[in-house]
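First comes the structure, then the notes that go with it.
A, B, C, D, E and F label the chains in the order they appear, each numbered from 1.
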Amino acid sequence: MGVADKKRILYVQRRAPYGSLYAQEALEMLLMGAAFGQRVSIAFLDDGVFQLKADQQPGALGMKNYGRMVRALELHDLEGIYVERESLAERNIESGQLVLPAEVLPRAELSQLMAAQDMVLSF
Amino acid sequence: MKFALLVNEGPYQHQAADSAWHFACAALARGHGISRVFFYHDGVYNGTRLGVVPQDERHIPERWSALAEEHGVDLVICVAAAQRRGILDAAEGRRHGKGTDNLAEGFRIGGLGQLIESGIEADRLLVFGD
Amino acid sequence: MTTLHLVNKSPFEKDAFDSCLRHALPGSAVLLIEDGIYGALRGTPPGDRLQQATAQQCYVLEADLQARGFGSEALVKDVQMVDYDGFVELAVAHDLVQSWL
Amino acid sequence: MGVADKKRILYVQRRAPYGSLYAQEALEMLLMGAAFGQRVSIAFLDDGVFQLKADQQPGALGMKNYGRMVRALELHDLEGIYVERESLAERNIESGQLVLPAEVLPRAELSQLMAAQDMVLSF
Amino acid sequence: MKFALLVNEGPYQHQAADSAWHFACAALARGHGISRVFFYHDGVYNGTRLGVVPQDERHIPERWSALAEEHGVDLVICVAAAQRRGILDAAEGRRHGKGTDNLAEGFRIGGLGQLIESGIEADRLLVFGD
Amino acid sequence: MTTLHLVNKSPFEKDAFDSCLRHALPGSAVLLIEDGIYGALRGTPPGDRLQQATAQQCYVLEADLQARGFGSEALVKDVQMVDYDGFVELAVAHDLVQSWL
């Protein structure tokens, strides 16, 4: 299958981790589905940027470490891992405080990226 | 045109399952196809056959079952999400020693790949959630 | 390539409506369903923001609007009502449907 | 049981109807629980004021008419049915557009009312 | 001091059930009492015994069952909310001809009055939801 | 009669946090749990609003703060961290607990 036949699929992460399971189950879907050989990207915006915050320690809650799970994205052959600049700024998070080196995109560019997809998965 | 639908919430608590069902009915009535409805997150609760609903209220799982029977719509419940939440077909119920099952007619248990697959094959994927 | 943005949340309660408006490009369309219809009410702050949005056209699902006790006269200018058939045809007419949950 | 022994219970309705079942199930709880002879009130604020909007017609959705259900509050011996003035104003709803004659309270008074309860039920 | 708890969301999808359980454990450990935990709305899903959870993840319904067994906490699932959503005890399962049931150990089905009652009798009622 | 207000929602996503702050009387306390802890972050608009609030004292549940990758140094001034034991004692110390869902 050539690049031209591959579908552009974007996972949109807009929610914080731990407070709900949406982030984790969305990630599980990507990590399973990425194997299908499509052009898969993931974008973190709004409260979704909290998913990438370093130093997550959910031990006292008895929950799995989401910050560790999300780092598995680096091992996959993804088209891109994006995080929205304005969402980070509003939450006072520096790009150096992220668990992985995501590409920081201004909102206008992220909007363009979203519009260029074949499929957008929201959770 | 072929549509694939993703339903992320259970019945009743949120309107997502209602909206998805109405959309599916309207699309079928206009001659379009629904290649698959995939249930994820709490959406897996749409597939229980144990719901008991007052006569004057809509029965959401039975609505889905009817859609499968009348139009052959493929209703797929995500196995990982369903296990966490206690939705099991007969095989899963046996395999995990539960002695019972609760999957409604017309639904089947499937993997996450079946969502991606149907999304790729369909012309449009629509997500209904909260 | 055009996008149909789908919003089902009240703009008073959640940020999905405003995030959608911030990201919707000129030429795209926004369809408000479920509690999303509250975003199109005339004389309210979200209604004002909707009128300032860059998206080309906004639609409201009639069944959800009527369920909640409103009619077309309650809507901000230039918002169009559609029924479920219209919802289906909007999904057909756009290349991509993006939900803001 | 004298008035002094009765508990002051406030149901707080902050969500819109139809989009979720919270409003309806909260109402069902009140209508069942009101029989217990306590001093029961209900307050509608934020998106909860949409619950009282007149002319609700959910027929096309196949859902029960919440506006009709909520009118049953008038038949119960409630301490009060309150709606927040600021919440109505922000949503451009006039008190004349409500399905029942709720007492319109300014936010400051509603805050006092909440703080004077023995139990506040949120949904 | 006596606490009554109201849980409005199901397990996993929202943190509410976790928070309520942690609060209950802490209160019991400090010598307080939990007179009742009442499950309403999607909270009724906490009472399924059909959940299958990976070994390395918390099992929320079993946590509740253990709390009932070890501390005698009264776990009450609202009957009206449970019927809509397909959570049934053996009697309900028979009565509605479902041929099975799915209520977990230590839970019981009860009416809405039992929430109001426990709220009135307890010193504090805490609500956990989304 | 004093109230402990309980907020478990992100102030960026939902209106519960702000509605709570608008209604909390002087003398009351606010406890931020779950995604509510994001309301106490220094250098953010919700953190600024929290500092302007009339409630007497604000607490943050430590386990929820740490889970999300933050520590006390990330909090606005005068917010106190409590563990689950502290949560229980706050509920004991106030006459009423009101949840903002």
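What we mean here is this: contacts are C-beta pairs under 8 Å (C-beta built on N, C-alpha and C of every residue); 3 or more make two chains touch, one makes a residue touch a chain.
Since we're looking at a predicted model, the values are computed, not measured.
Undergrad: So which chains count as neighbours of both subunit B and subunit E?
TA: Both subunit B and subunit E are touched by A, D, going by the contact rule given at the top.
Undergrad: Report, in degrees rounded to the nearest 5, the angle of the rotation taking subunit A onto subunit D when the C-alpha atoms are fitted.
TA: Rounded to the nearest 5 degrees, it is 180.
Undergrad: Using the touch rule from the top, work out which pair, A-B or C-D, shares more C-beta pairs.
TA: C-D
Undergrad: How many angstrom between the C-alpha centroids of subunit D and subunit B?
TA: 34
Undergrad: Whole-Å distance, subunit D centre to subunit E centre, using C-alpha means?
TA: 26
Undergrad: By residue number and range, which residues of subunit C touch two or more other chains?
TA: Within subunit C, the residues that touch at least two other chains are 8-9, 12-13, 15, 34-35, 63, 96-97, 99, 101.
Undergrad: I need the residues of subunit B touching at least two other chains; which ones are they?
TA: 8, 12-13, 15, 22, 41, 57, 125, 127, 129-130
Undergrad: Which positions in subunit D touch two or more other chains at once?
TA: In subunit D, 18-22, 46, 61, 63, 119-120, 122-123 touch at least two other chains.
Undergrad: If we use the touch criterion from the header, which chain pairs count as touching?
TA: A-B, A-C, A-E, A-F, B-C, B-D, B-E, C-D, C-F, D-E, D-F, E-F
Undergrad: Can you tell me which positions in subunit C touch subunit D when the two form their complex?
TA: Contact set of subunit C toward subunit D: 8-10, 12-13, 34-35, 38, 41-45, 47, 62-64, 66-71.
Undergrad: In their complex, what parts of subunit A are in touch with subunit C?
TA: Per the touch definition, subunit A meets subunit C at residues 12, 14, 45-46, 107, 110-112, 114-120, 122-123.
Undergrad: Can you tell me which positions in subunit C touch subunit A when the two form their complex?
TA: It comes out as residues 1, 3, 15-16, 19, 22-25, 28, 96-101.
Undergrad: Along subunit D, where are the residues that touch subunit B in the complex?
TA: Touching subunit B: residues 18-22, 61-64 of subunit D.
Undergrad: Mind pulling up the subunit C residues that touch subunit B in the complex?
TA: 6, 8-9, 33-35, 63, 84-85, 87-89, 91-92, 96-97, 99, 101
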